[in-house]
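You will see two complexes here that share chain A, one where it goes with chain B and one where it goes with chain C.
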Partner chain A sequence: MRNTVNYFLISPALLISILIVFIPGLLTVIVAFTDWNGVSTTPNFVGVQNFNELFVDSIFWKALLNNAKWTLMFVTVPIVIGLLTAMMLLKRKKSKSAYQLIFLFPYILAPTTNAILWLNIIFNPVSGVIGYLQEIGIPIDSPLSSVDTALYAVASVDIWHYWGFLTVVYLAALRQTPAEQIEAAYLEGCNGWQIFRYVYFPSIRPTFNIMFVMIIIFSFLTFDYVYLLTGGGPSHSTEMLSTYAYTFAFSAFQVGKAAAIALFMSFFGLLASCLYIWMSRNDLKN
Partner chain B sequence: MKSSSLAKKKQTSVLSHVILLLFSISALAPLSLVLLNSFKNQTEIIRNPLSWPKALNISNYVDAWHAANFSTGFINSILLTGTTIVIVLIASGLAGYVLAGKKIKATQAVTIYFMVAMTIPIQLFLFPLYFVLAKFNLIGNIYAVSFILAAVNMPLATFLMRTFFMNIPTELEESARIDGASTFNLITKIMFPLVRPGLITVSIIVGISVWNEFLITSTFLQGQENFTATLGFLSLNNTYNTNQGLMMAASVLMIAPLIVFFLVVQKYFIEGLVSGSVKG
Partner chain C sequence: MKKKLVGLVTIFLVMVIFAGCSNDSKTTADGKEIITMWFWGAPPEHQETLKKVLIDKYNKSQNEYELKIEYRNSVDKDISVALSSGKGPDIVYGSGPSFVIPLAEAGRIENLDKYAEKYGWKDRILDPIYESGTVNGSLYSLGNSLNTVGIFYNKKVLKDNNWPEPKTIEELEKIMDEAIEKGMYASVTGNKGWKPVNENYSSLFLTHFAGGEKVYEALTGTTKWTDPTIIDALDTSADWYKKGYLAGKDYTNLTFNEATQLLADEKAPFFFGPSLVYQFAAQSFSGDKAKDLGFMAFPTKDHETNEPYYTLGVTATLSINAQSKHKDEAAKILDTMMTNEFMNEMTKTWPGYWGVPLKGLQIDTSDMPELSKAYAETIKNMVDGVNKGHFGYYSGVFLPPATQQIFLDIESIWNEQMTSTELMKKVQVEFDKEKEKGLVPPIPKPSE
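What follows is the complex of A and B.
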């Protein structure tokens, strides 16, 4: 009886998730093997044709490579900034919370707002800071318009909005480091780097790992900033799996192909998820 | 020896202050530029986007409010965010209660399911969902979109609620049971009031994420009368990209309320961020 009640209590959350995420997710798996255009009621089963077409599509590989580059940038730059600033804030008794708040401002704003403000007031070659620099004689072009720099420009805006989150998370984890260990390390004559390397870092290791996996997962899903800043251009230089799938579904109405790409994205996410679940196996047991 | 190490310590302290200040400036500078230029007209901005405005001219704000259709947009945003929060609070609160107490055999299976659900791409379920909703004429329906956003936020909310319920001593629940409280009374009169900080935290985390959401809202909320503030704001960019002052005023109207709200609820927000990711 008690058991039935408990299953009843958990059912709203599960039902909403199953109806909206799980079943449409399964449908996507099926659709990936069809030529469905989104409207037709009799899509044809085409086997692995969508996948075969993707494998010979150079833009698909370009997108995959861009996602890989994106991942590489995100597991380095924001993590280094986050750790550095968190370590520095650790010793600030009074200004700590003020800094945290400022660092979080870009993080809490909508991707839409952030993207539009960078597009307009920084990157715009007429009325933005770039345009002003050109006018006073500095030969600089909007980094968004060149195929060589666009990806890095988009990633910079996303990193600008993201790193403060890592600072706050790392700082919270660092503060849980046992005080005796830090004291002991100081007495042993450890320098700042050694204390970080041998005392603080091992202590925040679980948090660090979880964030690391999460960053990898979300790097393969990244969409908002790319879509808003460049839409995948110029000439696919910032195309991501997510933007490419979106274009197939809603511009070309090749939903089958979009679904195939979505399966790819999920595959990388799933790999990282397995890693994540494996890493939290102790949590699950307790 | 001692004084030199002290001097060195002082040096590192100054250096760390400088670095922290530089990072603060990098976070704030673009936002300050938005504010500065929201009071200028186009020629002034083109001449120098870094200059101080000549006058505190608020006409950009009035124009932006009308052009972005913010009166409709903000009401829709409030409706969408409010509905999603209510759905998420009820569902994730109950689920968190069950999972925290390991009250069902499937606890581990459900936990793993939500872990996977939290990390799968929106694109994995977006396309079929879109065409099914289109079939039922639900594109543009704010309540339907609330359920989608609730589903997206459900795993994180459930894990947060689970953590908050785990901090309640089990004796409390047991003694209420012995006193003969029904499950309904136990949950509504004892458990939910005890996790009120958790409910507030989840509301704020989910609320900000829904308020800012782009991919799902822009796909499903078509038709200007259904636009959220975010979508109304975005629609300006095509029409008014030669009127930077108006764009910047609209940006301030998007940024300012969120920053004020964030400053008010910072304690809960940061707690939510941290308890969602820090493993003790």
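What follows is the complex of A and C.
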């Protein structure tokens, strides 16, 4: 009887998980092996054809490489900025809250707002900062227009919106560090770096690990800023797996191929999740 | 107890299923049936025009139905998702015939043959446009407006710099070189925020440099896309881009709106773009400036033949949802949109988007403002040109969807990420696959 009640109580959550996670996930796997165009009622089973076509598609590999570069940038730049800023804010008594609010501001704005702001106020060659610099004789072009710089320009905007969030998360974790450990470290004559390395960092490691893994997962799912700022261009220089899948699904009517790309994205997310489980187990052992 | 529990779970499941299946009410408070149409996110002033000319007029004309238009920025995506689940609006807006074919083959949109017969659409609509809306010989969509890519120019800039209106490509290039020397843009345009803008330039170079006849051969499979004439045309597009003839380094940084503003601000003599740009020009060429805006057909490489020559396209297509309960009424609304009266009234305040593709186009420009007059004139000239067979093809209209996506990659040639031959080899592979699936729309033949 107790079991029945338990099953009944979990049934809403279970039902929702089945309906919006498990079934769509399963359908995505099935569709990846078909030539479904998104509207047809009779898709054909094509085996691994979608995967074979992707493996010889240079744009797919470029998108994968861009995702890897993106991940590398995101597991370094915003983490370093976030940790540094959080450490600096830790010592501030009165202004801490105000700074957190300011740093968090880009994060709470909608991606569309941020993208429009950067496109029109910074990168615009007519009315933006770039246009102004050109007008006063500084030979500068919008980094979004070059195949060599566009990816870094888009990543910069996304990092600009994201690092404040990391700062707030790290700061919250840092504040949980036991005060006696910090005092003891000072009494032992530790310098700032040593206190961070041997006291603060071990204390925030679980938070650091989960954020690290989440960044990897989100990096392989990234879509909004790329789509809004460049649409994957110029010449696919900012193409991501997500934007490429979107093009296949909604412009080329090749939903089967889009699903195949989605499986790759999920695969990398799964790898990151495995990494997190491994790190958590190691932490528990230690 | 167990029975009660099973009963409760069953009720819960039934409620969830019914909640998912429930549909919005399709009736107004005063009992009128609602007919829906989804449209792209047009600016408020244009929405107002559509309201006055189409919605209000239709709603006042009878008491049983009410037409409602919903404006959505992602209309294409929304429509394909909605139709695939058997939902969506009664009147289906599409971005071109190649968008319509998969929907028609899946039975998501209605066969319009009986309405074509009832309203005489075949006799009224330009043959190439009517044909482009057919799938396996049956009509599934109507092009709402003609669209062509040509040269917008600032008359004052040409006059101030003693530049004549260019009649040939050589003259055009000469003026653009001089403009660059003077620190101006050679021309303005840009694909910021909307990558499919590239289709205008792949179409332009195919039509005016490779020629409509050569592209016809490729579209019908009698020649390959890797034909040297086509490769040369694409190589020329890369030369133009590198010389700065397509907005220099700002191609990816400008929208059509910003580009028309630059043209109005006399920063460039030309703007190569689709005739639908008239709708953006209304903001920047306002007041006295309106008379400064000119439009001409793009010259062809072999300029002695068949000029003026047009890239044949439509701005959008209109179809009827196969699941609609009001198909006859939806067809009646489509019919009102295929008339001279509708074209004239819409163009008066919304030039650029409603050049209805009628064989017997009758335009009354007497009370139209300057830009509307110019647009109406452009469409009239285009109708003459199309009737004579002087046309090439818009890639977004006459190419199947996946092949069209590859054509959008023309900027990869410009940025030296691949060669024209490599791109066209990709096109050929995808085109062959889509042709086999029957996804190539009917191709009208241009005159020789």
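By our rule, the second predicted complex is superposed on the first by the 275 of 286 C-alpha atoms of A that agree within 3 Å, B and C clash if a C-alpha of one lies under 4 Å from a C-alpha of the other, contacts with A are read in each partner's own complex, and residues count from 1 in each chain.
The working rule: contacts are C-beta pairs under 8 Å (C-beta built on N, C-alpha and C of every residue); 3 or more make two chains touch, one makes a residue touch a chain.
Just so it is clear, the structure is predicted and the values come from calculations on it, not from any experiment.
Asker: Touching A:Leu14, do we find chain B (first), chain C (second), both, or neither?
Answerer: first
Asker: Is A:Gly232 touching anything from chain B or chain C once the two structures are fitted on A? First, second, both or neither.
Answerer: After superposition on chain A, A:Gly232 lies in contact with chain C alone.
Asker: Would you sort A:Tyr132 into first (chain B), second (chain C), both or neither based on which partner it touches?
Answerer: Touch partner of A:Tyr132: chain B, not chain C.
Asker: Touching A:Ala63, do we find chain B (first), chain C (second), both, or neither?
Answerer: Neither: A:Ala63 stays clear of chain B and chain C.
Asker: According to the stated criteria, A:Thr247 is in contact with first (chain B), second (chain C), both, or neither; which is it?
Answerer: A:Thr247 sits against chain C, while chain B stays out of touch.
Asker: Looking at chain A, does chain B or chain C touch a larger number of its residues?
Answerer: B
Asker: Of the partners chain B and chain C, which touch A:Ile81 in the superposed model: first, second, both, neither?
Answerer: In the superposition, A:Ile81 contacts chain B only.
Asker: Quick one: is A:Ala260 in contact with chain B, with chain C, with both, or with neither? Answer first, second, both or neither.
Answerer: In the superposition, A:Ala260 touches no partner, neither chain B nor chain C.
Asker: With both complexes superposed on chain A, which partner does A:Ile277 reach: first (chain B), second (chain C), both or neither?
Answerer: Only chain B; A:Ile277 stays clear of chain C.
Asker: With both complexes superposed on chain A, which partner does A:Pro111 reach: first (chain B), second (chain C), both or neither?
Answerer: A:Pro111 contacts chain B only, not chain C.
Asker: Identify the overlap between the chain B-contacting and the chain C-contacting residues of chain A.
Answerer: 12, 38-39, 119, 124, 126, 250.
Asker: Any idea which chain C residues touch chain A in the complex?
Answerer: Going by the criterion above, the answer is residues 1-2, 5, 8-9, 12-13, 16, 76-77, 80-81, 83-84, 102-103, 105-108, 191-196, 249-254, 258, 261-262, 401-402, 404-405, 409, 411-412, 414-415, 417.
Asker: Which of the residues in chain A end up touching chain B in this complex?
Answerer: 2-3, 5-7, 9-10, 12-14, 16-17, 19-22, 24-25, 27-28, 31, 38-39, 81, 84-85, 88-89, 91-92, 95, 99-106, 108-113, 116-122, 124, 126-129, 131-132, 160, 164-165, 168-169, 172-173, 176, 192, 206-207, 210-211, 214, 217, 220-221, 223-224, 227-228, 242, 245-246, 249-250, 255, 258-259, 261-263, 265-266, 269-270, 272-273, 276-277, 280, 283-284
Asker: Please name which positions on chain B make contact with chain A in the complex.
Answerer: 12-13, 16, 19-20, 23-24, 26-28, 30-31, 33-34, 37, 42, 45-46, 48-50, 87, 90-92, 94-95, 97-99, 103-105, 108, 110-117, 119-132, 147-148, 150-152, 154-155, 158, 183, 187, 208, 211-212, 214-215, 219, 230, 233-234, 237, 241, 244, 247-248, 251, 254-255, 258-259, 262-263, 266, 269-270, 273-274, 277-280
Asker: Residue numbers of chain A touching chain C in their complex, please.
Answerer: Answer in residue numbers: 1, 4, 8, 11-12, 15, 37-41, 119, 123-126, 130, 141-142, 144-145, 147, 230-237, 247, 250-254.
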